[in-house]
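Presented sequentially are two complexes of subunit A, the first with subunit B as partner and the second with subunit C.
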Partner chain A sequence: MMAGEALKLRFDRIQSVAIIAAVGGLVGSAIAGLVWPSAFFPAYLVGFLFWVGISLGCISLLLLHNLTGGQWGRLIRRPLEAGALTIVPMAILFVPIGFGLKTLYPWADSAIVAADRALQHKAPYLNPVAFLLRSGISFVLWITLAYLLNLAASIRDRKGGQAPGWLYSMSGPALAIVFFTGSFVAMDWGMSLEPDWYSTIYGVMVIVGWALLTFAMMIFTISLLARSEPVASAATPGRLQDLGNLMLAFVMLWAYMAFSQFLIIWSGNLTEEIPWYLRRLRGGWEYVAFALVLFHFFVPFFALLFRDLKRNSQVIIWVATAVIVMHLVDLAWLVLPARGEALGTGPRIPWGALLLVLVTTAGIGGVSIWCFLWGLKRRPLVLEEHPAHRGGSAHV
Partner chain B sequence: MTERVGPKNYCLLAEFATTEEILHAAKSAYAHGFRRMEAYSPMPVEGLAESIGFERNRIPLVVFIGGVVGGSLGYLLQWYSAVVNYPLNIGGRPYHSWPSFIPITFETTVLMAAFAAVFGMLAMNGLPRPNQPIFGVERFALASQSRFFLSIKADDPLFDPNTTYQFLEGLNPYEINRVES
Partner chain C sequence: MSDGSQRPAGDESPVPEPDYTIESVTDKISSIVLVRPYGYGWLVGFTISFVLMMVLLLATSVLFIKGVGIWGVRTPVMWGFAIVNFVWWVGIGHAGTLISAILLLLKQDWRTSINRFAEAMTLFAVACAGLFPILHLGRPWVFYWLFPYPNTMGMWPQWRSPLIWDVFAVTTYATVSLLFWYIGLIPDLATLRDRSKNRVAQIAYGILAMGWSGSSRHWHRYRTTYLLMAGLATPLVVSVHTIVSFDFTIAIVPGWHSTIFPPYFVAGAIFSGFAMVLTLTIPLRRIYGLQGFITAKHLENMAKIILTTGMIVAYGYFIEAFMAWYSANPYEMHQVLNSRPKGPYAHTYWQLIACNCLIPQLLWIKWFRTNPLALWVISIIVNIGMWLERYVIVVVSLSSDFLPSSWAMYHGTKWDYATLFGSMGLFLMLLFLFVRVLPVISITEMRELVHEQAGHDESHGAGGTKP
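So, the complex of A and B:
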């Protein structure tokens, strides 16, 4: 089933809006970058981490579904394949961060490093060349995987639903690669904002957050698509419930990671570790933290316990929206307090930078969504069923 | 289980060979007005449970209550021992240090939810039940291999030994058995 003409028109319209958002957001970002770099770069990093997380989440969930199989994947494989492609523009959109290393990361500022013995010892790992090299290698690997996953999808479509064997044999190692590179870049891009601080769970916490964000984004997409055919008849209550259950699992996993880090650092209460939380629990940030506990965990958790809610796409879309919004808040909470002094706001919430987050997120998001819809239009929206699998797909 | 009928009739058991037949039979029986029915199948059959009128059970609610009770009791236990009964100064932290109470609270939540699930399930479905009259039908063993069975219980208001038998005959079963208790 190809997407109908009406649906294509709708995609085209959203794409035009995405172009406007991309141009407006990126031009606004560029101006902010020139006028107010100390606020622009952290804000841009937040927007970048949000959208690159979705690209990586799409690649990871595709690989995961290749390994596990399951009905939940049938509904979201197309969006996932299109979402995996967005890693290509994200690689280009990484470039501005390369120009802002000195503003963002204390370890990139030679004057700060000269005065800090710990940073001197970390310099062999935390230096601009190594940082850019690690990011570059990661992007090359991710783009390769996104290409292979879409190549396999093309082959599968040509062969009437039979995916090539190498797709399954590469998925295990590839998932490990994405996990490792994801952990490395999470520590580079996010954790090294405060290079004196370290937490071994940080990488996994960020990755799980990205997976949760991607799941919410997929449920959001599917719920919108389910308002018309062909997705309407494919989005059966049973499949939606599977997706809702998986999102519930990721909500719990994210809370587990985030709370574990907090519990360990809170229990230790060490001078090297605790400032990270002090910066994030003062000057207004404590309300943000409280909102995260409430709306990033408790509300979606209790909402997703209800079966009827999960089985109705037009209800679960609200839970997905809440998770998406709260994850942007979470990333802002992770990044912005680190730069409070540079922003001149000290421990208080930097409202200006927070406003800029909306601009950068819109700009990067415009590009990402345009690319996503371009990928989504290339193929039928619903997977053709392979005859051999048809018997086992009974599921309501 | 209390059987409100006499010692004679327990149910009528019809055997079918395919999923389509059992589905059709179950739907017809439900449409005819029978409610005290049970369908037996060696594997999950899509829509079979719904066709005999099963919608949902209260297990999720029982599990939820079990979890809430377990979590509250677990937290309360820690609060009582750390704040009221035996306060200890640990690293100068407040007695009521909630972050360190969370892991145990989580554990007791899961424990009580699991207990509620298992025992609630046993309480609601009447298991374990080593024997029941339907085992007297020799071919019923096939319900876990290759055959599908539909039983209409004698305590169904519409049940009548003869007309119900005729009704089942109309569904083209492989065999019908009268099960007596």
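So, the complex of A and C:
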């Protein structure tokens, strides 16, 4: 079941495109960073949050599948294993953010901190050294996990489908670690853009969004691969439906988190909380918010209720694409309004920065996709069935 | 999890144990209701719970005569035991729907042994929960004013109040849980009708079975309805406790107005719900010899769910404390970092941390997950911990909010305790009756499982659910 020659050629071709996108996007980003740093750094952060979310999502879903099992994992385990590896380049691509701390985060600017008592209170936590240390430790932990997960995959392949016992023992604690570190870096990277503002659900909301994005990305990948063997015969309607149902669950979970935060802050209407939403609900951003409600929740929600849609890879791919695009929009909506004043656009949508998001996303994505395909080529695309569990393959 | 025990599902012991046949399953489960005489133990247990329920009756009678002044509620703590008990009972009532609906949709076969019992427990817990807000109204006899109905008083509920959302959330939940439970029972009621020798029982079960004949058309409709009900019940698992959490978060009281509350309340509800299922099923399976149906695997799976949801709850506590500091808001900081861990209710707070965060960590060790006695003790500790959690949230925040001049202590009176323990009596009494008159395990679904395990499972993918 090794990837056939034709498939390999296709992967090579996509990889060359990915290299072009990476070089083009990153060079473009570098130029933008030098010329227009106030727009570049937020745009870069959006692209980074998008792709790092997929890497982290792959690690988490692998761990989750080790714990729960289920047919849905059989189909996407290979892509998830390859996706977990992309955390390595993401760690390197984090470096530019380290250079932009002052531009991105008010708490990194000692002049602003000196004038703000609340920020002085938070300084033991919100300072460049602690910020970089937290991100650094998290990356070390995630890379270790990505390595271990791929090591376990190699062992399993060698042993004819039997994964080592430690894979299952470590998955519980490891998932707790990813959840904890993930929610805290989400607060660091995203929430602290507006250091006066706080919301206890923020970290979890971002993580759930990343999990949803990862499901959408996996369905997208599998649907593309299902156009040819060996995935075509492995992607049974039943398994696709399971994946679709899980994506539906995460669509709802994401909406639940986002709406809970909105309802609680809207009804409280407190001066220290409500500005976050005010910034995101005027100057054109309200249309973005409306589009999010519509296309990040209602449209995928109703679409995924239909059974036939979920069972056809060439239809569900469109829902997955919509979710992927809308999640990028969501991240832009979370990040960019925070920097409106610095960008000089005030409350209005910073179109320049928004265009830059496309450049940075392409650049980072090129690297990530290249790495992903490199990982995908290393192993057979479809899991070898362990003889003991062959009974499960009849799931349709 | 911690010792490599988490092996692919095919390696685990099947449920029920393999020596059961379709016949023996039916015999075994229905005999608890039809054949077995009620024992001494049942009578003693029933009597104790009945006496406790009489205490509830007494406490509510005094309440109706004298008013809520007999409780400990005083300004500023106007939400005392009643709301604590309400949230606690509603939380317990979450396991049933989770097990019945979500685990059914996730194709977790092991749920079959515990769903019937958990659903019954849910109904009784929701019944207990529903009592408290009504008793707390002050004029409980006009509770129906909570509903928006056309009336000559020109009255309409305040839709911006989450308390009104609660009315709808809880009544919807109770209705759907009841229907779901009843629909699931119909084939079993028919079995009891057919097997009982007593004329009265035959008529009673016959009426409830609504003419079930077991034709394939009946089965087809039954299946469809059951799945649809599961789909309908799924959002309710989340919605009810979310709205209960809004009761707090929508108010801007320090320690209540926190965005993490909805998911963390839901996790806490499942946490306490499963703990209660364990507290009740561990003695039940021993007394009625149901170890072959409710196996060590069930206990372990429930223990894992308790561990997982307990970790989410612990994350909630942690993020609340962290964010209180991070917010730099003096009221939040005082409430979460001072009043709770160091204030006059500090002992309650630390007990809750021990019960909900520290002790459940023992479940990482397989021995604790599979030893019924250890698990039973932990489940009771979790139940206590979750009650204390609600106590801390309700009482500590109200007793020390914004103005130090309005701070005051709160303590439950003897009538508060009488109502709390009395509600436990009501709950247990209903359960004792349930065990005697209805099958505690779904005979139908158990027969299906036995059938599948007997080698007819190719089309279900029962074996290979793991990589």
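By our rule, the second predicted complex is superposed on the first by the 394 of 396 C-alpha atoms of A that agree within 3 Å, B and C clash if a C-alpha of one lies under 4 Å from a C-alpha of the other, contacts with A are read in each partner's own complex, and residues count from 1 in each chain.
Everything below uses one rule, namely that a residue touches a chain if its C-beta (ideal position, glycine included) is under 8 Å from a C-beta of that chain, and two chains touch if they have at least 3 such contacts.
Note that the coordinates shown come from a computational prediction; the quantities given were computed from them, not determined experimentally.
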Side-by-side fit of subunit B and subunit C on subunit A, or clash: clash
Partner chain(s) touched by A:R307 [first = subunit B, second = subunit C, both, neither]: first
First, second, both or neither for A:S16, with subunit B first and subunit C second: neither
Subunit B versus subunit C as contact partner of A:T144, first or second or both or neither: neither
Which superposed partner A:F180 touches (first subunit B, second subunit C, both, neither): second
Greater residue coverage of subunit A in the superposed arrangement, subunit B or subunit C: C
A:S233 touches, of subunit B and subunit C: first, second, both or neither? neither
Touching partner for A:L263 - first (subunit B), second (subunit C), both, neither: both
Partner chain(s) touched by A:K122 [first = subunit B, second = subunit C, both, neither]: second
Set of subunit A residues, in rising order, touched by both subunit B and subunit C: 263, 267, 394-395
Of subunit A, residues touching subunit B in the complex: 259, 262-263, 266-267, 269, 305, 307, 394-396
Subunit C-touching residues of subunit A, taken from the complex the two chains share: 65-67, 69-71, 73-74, 77, 117-118, 121-122, 125, 156, 161, 163, 165-166, 168-169, 171-173, 176, 179-180, 183, 198-204, 245, 252, 256-257, 260-261, 263-265, 267-268, 270, 272, 383, 385-386, 388-395
Subunit B - residues contacting subunit A, complex: 46-47, 56, 60, 64, 91, 93, 99-100, 102-103
Subunit A partner contacts - residues on subunit C that touch it in the complex: 1-11, 105-106, 160, 235, 238, 242, 246, 249-250, 252, 257-263, 311, 315-316, 319-320, 323, 326-329, 364, 457-459, 461-467
